[in-house]
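Each of the two complexes below includes subunit A, the first together with subunit B, the second together with subunit C.
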Partner chain A sequence: MFGIRRPLRLVAGAVLVAASLALGACAQPPTPSDDPTSNGSQIVIDTTFDIKTADPGREYEPTGQIVVKALYDTLLTFADNDSTKVIPDLATYEASADLTEFTFTLVQGRVFSDGLPVTADDVVFSLQRLQGLKGNPSFLLDGVTVTKVDDQTVKLTTEQPNPALPSILATPSAGILNSTVVKSHGGAIDETDQAEEFLNSTSAGSGPYTLQRLDIASEAVLVKNPQYNGSQRPTYDTVILRNVEPATQKMNVERGESQVALGLSGDQVTSLSSSVKLTSTPSATVVFLLINADPAISTLTSNPQFVQAVKSAIDYAALVDLAGAGAGQATSLIPTQFLGTLPTSQALTFDLEQAKAAATAAGANGQTVTLSFPNDIDPTGLPLVNVAQKIQAQLAAAGITVDLAPAPFATEIDAYRDGKEQIGLWYWNPDYMDPANYLAFGPGQTVGLRSGWKADANPAIADLVTQGYTTGDLAQRKALFEAWGLAMNAESPFVPLLQPASNVVSQPSVTNVYYNPVWIINVAGLGRA
Partner chain B sequence: MSEPPSDLTQTPPTPVPAAADRRPTVAPASPASPDPVSLLGRPRRRRLWRAIPKAWRTPLGLVAGVVAVAWLVIAVVGPSIVPHDPLAQDLPRFQPPSSTAWLGTDELGRDVFSRVIAGARVTILLSLLLVCLSMLIGSILGVVAGFFGRWVDEVIMRLTDLVMAFPTVILAMVTAAALGASLLNAVLAALVVSWPSYARVVRSMVLSLRTSEFVASGRLLGFSPVRSMRVDILPNVAGPTLVMASLDIGTAALLLSGLSFLGLGAKPPMPEWGSMVATAVQNFDKWWLGLFPGLAILTVVMAFNFLGDALRDQLDPGATKA
Partner chain C sequence: MSQGSVAPDLVPPTPAGTVPAATIVTDGRGRRSHAALLRYIARRLVIAAVLVVGLTLVTFSLTNLVPGDPVAAALGQRAADDPAIVARFRAEYGLNQPLPQQYLAYLGRLLHGDLGVSWQTHHPVTQDLARAIPATMEIAFCAIIAAALIGLTFGVWSAYKRGKVTDQVLRVVSLIGISVPTFWMAILCFSTFYYRLGWFPGSGRLSPGQAAPPHRTGLYTVDALLAGDLRTFVDAASHLAMPVMVLTLYTVGLLTRFSRSSILEVLETDYVRAAKAKGLSSWTVFRKYVLRAAAIPILTIIGLAFGSLLSGTVLVESIFSWPGLGTYAYQSASKLDLLGVMGVGLFVGLVYLTINLVVDLLYGFIDPRVRIG
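Presenting the complex of A and B:
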């Protein structure tokens, strides 16, 4: 026997079915609501929580970014509807011609939530603390030296030319803390820092909101910062972020129990009630295939003709269809929100005949390759197992036999990072809003090496990568990254597949709903009709 | 260990092969007991009815038998009678049940009906395999432990203690995770946790048989331990073990589906009921995705459980009905 006592065996069988019945019954027709906002000055946002802390120097999770973005202003930022160009927030900046020195001049008069002015000391403390904590986001400022010039001026010096630095400073992790308050609660610029607990109970920033309460498992409550004197005009006095399962989020927002739902998948939004508004855009998450270029891993996948076969065997439109409303094909590894992304016309295309010919030429017939992927993770509501099965069927049509090897994320990530996968199905979330982030896919770079792609394998692309890291001019960068994207599409062992949808469902009364690749949503920017 | 008097030790009075005594004769039903369908009255039907062993002539036993046989037939011929290829992704996604796709289509546009039918082979045949293997391994170890006693017994029984001390599903999960996710590994994982109960039961039966006169006289006649086990002991433990095994088929099906549900069994795109229910959980507003594989699991588990009950009533009439 299997350890289940007899009466239980029947019960257990029944429970499986009863559960599926009960779950099915939950899909009742939605109740339309007339008045969405019961309290005019409060907004309830439902999301699936991924937050460990509200300490800017330590947080690096999606929900954490939403919260920290509202609490801490950064030196620079992006407008809600344009994520290609940095704009001033707490400071304006000038970069030296060689892109190694960045001088920031603080905007006059900005204050923290306790009324103290924002000074250069606060900036130096916050950025050095971000580096010194050695937390998840610390890598953002690797190789950067922060020095105070005078009370209003701070200089950042980088070892290498770093055109991405302004974008990096716009990520919520680079938020500026009130150094006086944080130091008095154990704050320090190295690992002896004790301020995390304090920063989880209250906030010490100059952002439009302050933290009233944070429970990382259930709820975050933000209230308007009365001292705030920045450029934004927050509409809602109180912002409540709740941890809610996606299916419940859908019901809540349809019934008016919440005003915004952030976690609905492409399939869930297809059956939305007409009483709510859907803002559906491709997310900045790029789902891609990695085809190992290392002959030691597979002599078949390392054959360039095999890579070509895979690239033309995939029916990209069918994959996008699978991802549901709002998804789009990834035209290159650089998503559509970024500088240097490619137009749709230059994306990879499906050509079955060409794929069959290339597969035969590569000798794929009669061989089986393994497609590995994490099966317990759904980037923005799209289960990778569905994508993998679709790809398996599409490659089979071109004569490529694929064996699926699903594994838990925690075990598969090692095989991926060590470059042990024959074909891998993964996704990339941007760390900051600059295309330089994607140069990691280049030959000899971090992700490139995961597919066994060494620097000398493609000197032309390697050269573009070097230029990408050192070119500062906006127009030149755009052309450069487009060239890089095209070359990567043609010759790299990576196949950009799709950008799953980012669906923000809101009450019609909520305006200015914009998806941001890094901080998901700017709660201070939300308006009311 | 002193044995309490048991009916097993008393049944074989002589060294005559004991199985004959244990095997119940198919007694004709007493005319006094009214059968549910005897009202039909036709002699031919009545003869057919009487051909069914008495223990099976309960509504539950009958229904269970029919359902189980139906599933076995489906498991054997299923793949050749499905209306669609269970792996073909050529239908529209998430179609509710209709005349083209009787039980709807899933997240990749595959026919749910065909997948449920094709899944029968996977689940039922593997459950049977699992139960046979655990019965075989468990019985052999149990007979050895009971027959030889002393340190052999100690070692085997402590091993069963070790395995039984773990929560079943957790141990199966650990095994499946260590070996990698595949159906065969799921069977192996389930095997690891399922043999000890057989070993225990068989050992206790052997312990009581070992001291009985017909076994002792066999040994005195010069039977080798192996021959004694084969001729005198095995036939006497076979019946109860078979009953136990038949009761276990449903549980095995549930455990294997459970492992697949957790992503540790069937690999996609193989049609398997547990993994189909797992997908349904992610799309639970599409009721047809989970209901039908769930019903399949439910009917298989219940049918084999009732079948086991009936078998026990037949092979072991002394036991009280559950």
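Presenting the complex of A and C:
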């Protein structure tokens, strides 16, 4: 049994296996056109996966938002081409004058994918579950009490006035689940919930699609919900989202193997073939500099003259060029898609002479400050290391010497959150489509404190923050957030730099391609020419 | 000539630089003792178990030494500011326990085959590995088989044609195989054979929307054949072709060079000259004297190359959107997913331990002088 004959037989077997594989490889590979599932109503969307789950109460990653948005309707939503005004989806609503009570009345006749009607019990269960799971998106409904009024009516009460609540309820995480089905698969409104596995294998919503298959490493397959009776008219019977690296996405969409590519950077879209079309807009991601106002961290960065020097020393147009096609300058911390954003004319401007004078006045000459940033992150295809190097060169021209301190995100995030960075280069993605997202940058607020900017450091801006959290009237909110943005540009220790591009590359046959700051793309809204 | 009749002066010596890791005890009639073999395997398994525990300790310590909080890495910025969410996260993954306690709890679960739940994927690590390992294994098996066949053939050919044009050409080819970065080769192949020529399908293990065959082994080609689904088999095999080709090119270069040098060394020995002088046919000399003597270093290299392929090839997997172990390892590490990293570390450690054991045992099959005892 120890002779050499047996290994030879094994080798012979291996040769046979290899030969059969080679035969398979040489056979004509299936193409999209001869695939049985490709019947003309299938669309393949390539993106880089970060999805962890298709459970609305737990998901909070961009790919998860795309999937869950298609599977679960929300009480309210936004139109594909207008992210400033909330509109009804499963319900209409009325808010009390003090913005602490929101009453939702369900639209008659809406049903889940199994035909059961959407009821107030489903809404209460879904929103209480979102809160009780203590998952990534649970903070969205902090301080909110959800109660059933009758079978068609639900009331949400907030501890503080909350004008952003309607926008929050439009996020996919606030999707409404079929409580009967979910409860029968271990669903609960607290941490004992066991329904995640079930919701990763199928869906239990009233959205235009249902989940056929999810592999978080490679593919999500959605099929049209035959019971759907909402306002959207999904064009494609099957939507396939695939996990593909950007360079490969480009080749796939140009060859027609996929119809949409979501992850191409500004550089990559400059060399696109003419056979595809590009929808390019600045994304809602704001890349910004944080300049620490705490003298204990740095006596230089905490000097207001130094902050002004940095703001004037940056050539914003050069940064936008660096970011590539479709990128834009962040006119304030509030991106262009949101209520209260500033026009380009009111953005920060580059003035080297002013920067040099301010740097000298601050005593920056001869001193070195550290610019920290995560070097393994590239928000929408823009590596932060490229931005950091550019800024280092621009500040040097104004007489400010900067040492770069790159670190992995998982390592650097602690220093950022603890307010230990002298200068930090970071980015902010919106959690929901309301400018109240950005009030976190105010003095004494979450991000403000990361730059050592305490509540009493700027009472005027702190007052605007308070008003931002409590003002409900749309026109007043617009004026208020514009004033906040201007004041922040002038006096805060933050420098809004740019909004990298959001590039959607698609086959010419695909229409209605709109970028959304929260759910990236509404697959049910995509059309066909 | 039978194996037992080899004259003592014709016994091929162990190739220089190779030390047999084991010896096989034989009785007076040249038969190996099964009891000795079993003792040897048992001893190796005990050592392997100790090494696995050591591996978990090293991986656990190193992962925890990395500065950074997994909570911040796993949760969104706003969620990480919410004490209730952070507390739930720490409790769910046992991060609220002291490190030694976390490690002991991990070992306790490991004894029950439980590698914990990944906070990157929300799935049990065993489930993640069961998905990722077959994907990588499918490429690795095909690549190592193809590379062994081609590399060995090239190596032998090159050695027998030493100094001639064939030898020079094959040496240059193998040098290119080793020198060209695999990720560059992957991009080149993808761009040429998929994007420009359309000879092979694009990324992934299957075409878009093509359902995976019923799970038996996780190897799509094998599962499709077992299910009698020829269409899925062709689809899976055609997707397999390019990544296998890229990895084969590198491994072929390696094996060609090693087998050439090993065979050249044996060809110059006295016992080979004596065998030729006795009038044995070239094929007999090659099969019974040259190949067997040269096989040990070649086998060692094949084992190491296979281990390297199995432990994941991040960049190649990334370019071909192949959801294998390399991709999983990278994602786990970048998210400070301790349990995912440990699961991968454990698997890779086991791969190398197993391959070393198998290679050591194969020495006994190939070389009659190798003794276990």
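Note that in this section the second predicted complex is superposed on the first by the 490 of 529 C-alpha atoms of A that agree within 3 Å, B and C clash if a C-alpha of one lies under 4 Å from a C-alpha of the other, contacts with A are read in each partner's own complex, and residues count from 1 in each chain.
In this text, a residue touches a chain if its C-beta (ideal position, glycine included) is under 8 Å from a C-beta of that chain, and two chains touch if they have at least 3 such contacts.
Quick caveat: nothing in here was measured; it's all calculated off a predicted structure.
By the touch criterion defined above, A:P137 lies against subunit C but remains apart from subunit B after alignment on the C-alpha atoms of chain A. Within the superposed three-chain model, A:S271 lies in touch with subunit B and out of touch with subunit C [touch as defined at top]. Once the two complexes are laid over each other on the shared chain, residue contacts for A:A247 go to subunit B and to subunit C alike. In the superposed model, A:D376 makes contact with both subunit B and subunit C.
After overlaying the two complexes on the shared chain, residue contacts for A:S283 are found with neither subunit B nor subunit C. In the superposed three-chain model, the partner touching more residues of subunit A is C, compared with the other of subunit B and subunit C. When the two structures are aligned on the shared chain, A:A388 is found in touch with subunit B, with no touch to subunit C.
Contacts of A:P406 after superposition on the shared chain: subunit B is touched, whereas subunit C is not. In the three-chain superposition model, subunit A touches both subunit B and subunit C at residues 2-4, 6, 14, 17, 20-21, 23-25, 27, 247, 376, 408, 411.
Subunit A makes touch with subunit C in their complex at residues 2-4, 6-7, 14-15, 17-18, 20-25, 27, 29-32, 35, 37-38, 42, 44, 52-53, 58, 60, 134-139, 142, 191, 196, 213, 215-219, 221, 238, 240, 242-245, 247-248, 251-252, 254-255, 257-258, 376, 408-414, 417, 428, 431, 446. Those residues of subunit C whose C-beta lies close enough to touch subunit A in the complex are 24, 32, 66-70, 72-73, 75-82, 84-85, 87-89, 92, 120-123, 131-132, 141-142, 145-146, 149, 187, 190-191, 194-195, 198, 200-205, 207-211, 221, 231, 233-241, 244, 292, 318-321, 323, 327-328, 334-336, 362, 364-366.
Those residues of subunit B lying in contact with subunit A across their complex are 87-89, 93-94, 107-108, 164, 167-168, 177, 180-181, 190, 193-194, 197, 244, 247-248, 250-252, 254-255, 257, 263, 267-269, 277, 279-287, 290-291, 294-295, 297-298, 301-302, 305, 322. Against subunit B, the residues of subunit A that register as touching in their complex are 1-4, 6, 9-10, 12-14, 16-17, 19-21, 23-27, 247, 267-268, 271, 321-322, 375-376, 378, 383, 385-386, 388-390, 392-393, 404-408, 411.
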